[in-house]
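Please go over the structures that come below.
In the two assemblies presented below, chain A is common to both, partnered first by chain B and then by chain C.
Right, the complex of A and B next:
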């Protein structure tokens, strides 16, 4: 192992470094100067610093990628990874922007510190080219999230939800580590490219099988795929809406991207990935089981929900199922589709959580019935809700439609185990028809169900700006999907 | 000037933005609302004018047609591309639409001043302008189709703007459905063209569907009924154009569309939208002309062009005949529009796009002028539209009278001075030299005669003699005397009137500059061309015919002006049978009602039965099945899974009583599920790899 040149490493990790410094600066500013100000002003100060730092990080990402020579066994940089990182920072920023208007906590400095640390963790997840680094990054994200959920002290179930989230998350981390150690045992390495060199296309040994399954379980927890989904509804409901938005959007993007990289780079040469289309063994069947179970359970269980947060949680489970299908498409097209899907899904879900926050703030309830008469109270916001929900349901020309379209097209095009994938796509299409039912239930409340509560109100300008921006993003990416997908496909090829 | 090409997309987008803003800002003052709408369209107009100037200076061989192509999204290997094109056809149409449109917008501020939904009206107008302009610049059949449909939607909204009137709501529906019937043909033609030429772009450096490679292919292939492929596709697209441009037999919606506010009639149903069909044909002219037989002819002759010519001829004659017997001021103009659109189609079929576009442009000016004049008359007469109740407005509305007279003379083809004469003459000339048949030429002459006749009739009824507003016994309360319209309404009239006179001189036989510009060939000034035998005879004959029409109407209707109590139309007295037929529009609407509408109604009844008795049952079954599954899932979840787990977890719970007391017990269950799924998945994988 060659000695690491740390000054070069700092240069390579400039965006992450900027975010760490920003996190510390926010904490310091909040603790030293802003302690005695009103919460709203503290938020303004903290958010301004965060915005500045994030923009600097994005700028350093956009300026181009230094040559990662010498650090390739640890890091991957440039190309699609840069796109993912920019997406992560953008989604985090929008979630933070809503949290400035949430009565989440009075520990404002800590809120920003934890969120930014989680973001740093997610950036590392996107960049990781080494299983150990990936694991540490994953843990940084998870630990920050446990605390963020617990920070919502005005909300009674928050502590319980956070503890449950922590327990399950801890166990899943255990599984991940367990899986990593098995893979290390089977291949003798932890760096992505070295592992893939060790795998020579033969059927996996039982050792590797256990490692892979444990890894799937670990990641399945992060992406809330059945049967590791059980934490999601509780955590979504317990968390404050901004934190829920963060967990649902940015964290999913980072986890899926890492998952996709491990599966396509590290385990690319395990036999039975389906290339021989005989399904002899391997991960394709593993993902297929997860995807099918997530699709069915997520969509069916969502029908019975009365809380919008829980409904979004179950729909997130279902969406994990759709994305897994794209992941099975496995080539550049599939990964590009997954990223596009997650970015657009993230936009819609952050917007939806912002509206949950709006209604929770004014009516104190996250029930779907609290949305009755919403379009009379907030016509503009209600129109945005329409856009988000229809995008989640996959109605053209919104981004959600093209997301699903690309996922399914990538899966069908891949030529792997075509019968299995075809059956899955059919199931997914059928299930997205089912999903229309519960999505439209929300819209029915907002637009059709009469409510005594119809006086026109003005929402907070910050919330409104975030919601409108997200809606514009969903429509724009829907009308012009190529601005994202074209580059991604080119980068990944 | 290259930036103009890159900025051309702004032309439709600016009115679109204005429309969105106006819809989302219902609280704005009227002044602000119309400023935004007029400003956006005016700015589009400036860009259009710059684009027009760029095409003027362009070298015909190389830079006269430029395209910008963007990839919308990638689907498989074939990217879906859209884009815009700048060529003389686009430029002249853009300039006309933005110019006439701006004047009509300004006129509307006066005409609609007392309407409650003023802002919405301007939002719809802007939406219409955006769609129309988008259609004009489009370089892709798909984009053109999208805008084409949006134009239809905007037209629907505007015709039905006064939806509280049942007749307006019905007219909006009729317009939308009738044009949709045409659109089916267009849509099928579009798909066929795309699949056989492999491109939806019109011009794409040699690989577009209107360029030689594709055309050669389309022209040589033979498909059903022995038609060339290009002819079959052209006929389908012609069907679409006939719907939009009110050609027989799809013309029935256009007169009804007069239920909309008069500026709408002027903008949509005279100047722009109805011309869209002609524009489409002009844009696709290379396709129409593909595979022409006999290249020695001055103009190509193909099946599609012959069909276009005859459809146009029939429409031109029919519209003129009906217009003779109408009594509603706007309906007369509407049938006149139908008839003039027929002329354009005739010109397109026999003389190519330049001739048709020339008449399209001049017609847009004088017909917008006439409609706005009619609007001014209606406004001045307090919403009376029946010409039998008007009369004597010459004194009360001098500006309107003067400008209306100019419009009328232009439409009637009064020789030498007016634009309509020159553009109609160009059409007659090209039908005269057409090698297939002389029938369209004679029909054109008869139509010209009738046009002059009915316009003169209208003038006498409306402007001369004494005022008859308060003569009807049915009127319980008297209508106040007519008054001239405000300046904001008369100025657009004056500007349009200037156009209706001057525009003719860009396309006279002596200096066919316009034709050369559209066809991208240089043109020279030669006065002698006026006196060539063919040209001169056509000119003299059409002048005589026009003057004859005016003179005959003078003889018939001059007495009206001086005998106010004339109840029976003089023409009705002389030709009662014909008059009755024309008044009832040849019973075409009634024929449709009895046949097509009735058939569709019966079909709807049957479908409704099937829907209710059969489909509904199936849906109900599916719903029950899904509900059943959901119920079973919930039941198993609540009773079996929970129960089984509770029981199997008892042992575990016993051991971890402490933790169980702290937590709900659910968490353990979660963990158990995770653990067992690990074991299960490993076993599945190992089992598969063994087998």
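Right, the complex of A and C next:
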């Protein structure tokens, strides 16, 4: 091991450092100066500082990465990772922007601190090239989220949801740690590139298989894949909409990116095969089971939901199923498809949660029926809802369609001969036809069902701006997917 | 010029939706102008089209769209496309004229209406299969809102059923499209490129039925036709005209352009089975139409029967059969629009009943002579009276079918006879009923037929008569295209 040069490390981690300093600055500013101001003004101050810090972090990401020589056993930088990090910061910022209009908590400094720390954790997840660093980053994110869900104290179910999230999350962290230690035991290394060098294409040892299974369980929890999904509907419903948006968007992107890199880069040699009759052990078959179960349960259970938040939670489970299929695809295209899908999914879901916040704020209900007559009250917002929901359903020319298409194409590219993958793609396409039913139920409320409640209203300008920006993002990335995909594929290849 | 059919429709839709303070009358004018622009563009293209050229696909616009996946923005048209583009233009104009009375949410109505038309134009002129699929799906969602918001009889049920059937069909197409793309080397979606790839027989044997059925669901192939009558009946008149007039043709056109062109061996293997389904559809649709009490259902089921001729003509895989099928698409598009216009707009909107028994007592022939006259013309044209477009189209289909499967041709001929019966039955009951015992009561006067309605009806009658008397207008466009190398493998198995 070469000794680590800390000053170089600081330079390499400039974006993360900037965000940590921002987090502390926000907390200090809020505690020292803003304590006695009105909540709205405290939000404005805190958000301005955060916006400034985030832009600085993005700028330092855009400026390009210094040569990471000497740190590669810890970190991966540049290329697709930079794109993911920018995506993470953008999604967090938009979730924070809607939290300025949410009666979430009066602990405003803490809210920003926790969110920014979670962001730092997510950036580390994207960069981690080492099992230990990955785990610490994962825990930083998880712990911040447990508290963020619980912060919504006016809302009775929040405490229960947070406790359930915490308990199940603790168990999953245990599994992850178990998995990581078994992988360390089997390969004698914790750095990603060294592990992949240890694996030479021979069938995995039982020790490694146990490790992989435990790791799948741990990560399955983070991405809410069936059967580790039980926390999701409660957490989504219990959390304040901005926090729900954060859990559903940025956290998914970071987890899936790390997950994708562990499987397709580090453990590529023990994927196993799902082709024809020669089914051999490996992670491919594990993920396939997870994907199929998530697709079926997520989509079918979503049909029965009456709360929009729970509907989004079950649809998130289904979306995890689609993404898992992409992971099993050809390496470069697979990861590019996963990133594209999650960024665009994140935009749509943040927008949808912003509208949940809007309706919850005015009608006090997150039921789908509360959206009746929505197009009369808020024509523009209603049109944006149409865009978000249709993108989630995968209707072109919106981004959700191209995302799904790209995932499936990547999966099939790795071999049309693989019966397993082909069957999964068929299942996924069939399930997306099922999903249209419950997505249309939401739009039916917004556009078709008459409501006495039709007086035109104006939404808060902040929410309005966020929703419109997200809708523009969904449409633009859907019509011109090459903005994102072109560079990603080049970087990953 | 050709692409402006698509662009103008989407621009028109955007103007209807977003232009501030647009009055209902203004909206109608915008919609009519848009439809006229589309129709004129189509007409100009028909005149500019060089029939003698070796290159049958003309007016090509080509741009890279997503280069990493080989997706191109490739628009063009051959004689078959042009025929259907012309039909779409005609249906758009008349559909707008027969929607002149939409007073509730006018702007949204025409926004959805024009979006649907834009999607339909797009399908007919796309030579990149990905682009074709995008337009195909764009055409799905507006149908839901058109029916669910402005429809009648069980509108929400009819709308949901129609959309789910369409989406299930497009899911099958998507699977076939992905498999085709990967099988051909994952480099291009262009029909002009894919046609050069020799797809192995094993692949064609499963890919053909999957994609063909996917498209044929939208073309009303028995037993997947049930969405059509319920959807058509529930839809508002303008939308029924579009649905029966052009949307069902999307399915037949897609089937011809994609599975039939690319998988000739699959076609040869499955031809008999599909032709059998088509013939069952002809007879079944006609028989069910014979016993309907609801006037609109008679037309709905007659559409299933007439579309059976299209599919039978396609399966004949001979020049005369295929040109008959394309001609029948045009002919049925015009006639179905006309019939739905009479039933939905001229009769139902005035009498508020579609029940044939109730209509019988009203003696509409005397009170709405224009409606009765239009229906008589459309009915005779539909049952295959020489001098109208239906005759020449169905004759060609029958000749084609006779050469390929004689027994099916005989059964289809019986279908025509049943067609005469149900048309006459509906005609006598609806318009020429016996005076009832209450005949002494002066019936309340019905509003006379309005100007837009008359113009629309005259336009459609002109179209069917023109093509009936001088079918070469269209055949000169269609037949050279069928003789192009593109259709060679299809016609010579």
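Worth a mention:
As a convention for this text, the second predicted complex is superposed on the first by the 484 of 493 C-alpha atoms of A that agree within 3 Å, B and C clash if a C-alpha of one lies under 4 Å from a C-alpha of the other, contacts with A are read in each partner's own complex, and residues count from 1 in each chain.
As a working rule, a contact is a pair of C-beta atoms (placed from the backbone, for glycine too) under 8 Å apart; a residue touches a chain by one contact, two chains touch by 3 or more.
This is a predicted model, so every value here is computed, not measured.
Using the contact criterion defined above for the overlaid structures, shared-chain residue A:440 touches chain C, although it does not reach chain B. In the superposed pair of complexes, A:409 makes contact with chain B and with chain C alike.
Contact with chain C, but none with chain B, is seen for A:448 once the two complexes are overlaid on the shared chain. In the superposed pair of complexes, A:457 makes contact with neither chain B nor chain C.
In the superposition on chain A, A:204 makes contact with chain B only, while chain C stays out of contact range. When both complexes are overlaid on chain A, the residue A:485 reaches chain B and chain C alike. In the superposed three-chain model, the partner touching more residues of chain A is B, compared with the other of chain B and chain C. In the superposition on chain A, A:213 makes contact with chain B only, while chain C stays out of contact range. Of the two partner chains placed by the overlay, only chain B lies in contact with A:227; chain C stays clear of it. In the superposition on chain A, contact of A:171 is made with chain B only, not with chain C. Counting contacts as defined above, chain A residues 402, 409, 413, 481-482, 485-486, 489 meet chain B in one complex and chain C in the other. Listing the residues of chain C that touch chain A in their complex gives 17, 65-69, 130, 133-134, 137-138, 140-141, 144-145, 148-149, 156, 160, 163-164, 167-168, 171, 174-175, 178-179, 181-183, 186.
Within the complex, the chain A residues that touch chain B are 160, 163-164, 167-168, 171-172, 175, 203-204, 206, 209-210, 212-214, 216-217, 221, 227-228, 230-231, 272, 279-282, 285-286, 289, 300-301, 303-304, 380, 402, 409, 413, 434, 480-482, 485-486, 489. Within the complex formed with chain C, the chain A residues making contact are 383, 390, 395-397, 401-402, 405-406, 408-409, 412-413, 416, 422, 425-426, 429-430, 432-433, 436-437, 440, 443-444, 447-448, 481-482, 485-486, 489.
Within the complex, the chain B residues that touch chain A are 24, 71-76, 79, 626, 629-630, 633-634, 663-664, 666-667, 669-671, 673-674, 677-678, 681-682, 684-686, 688-689.
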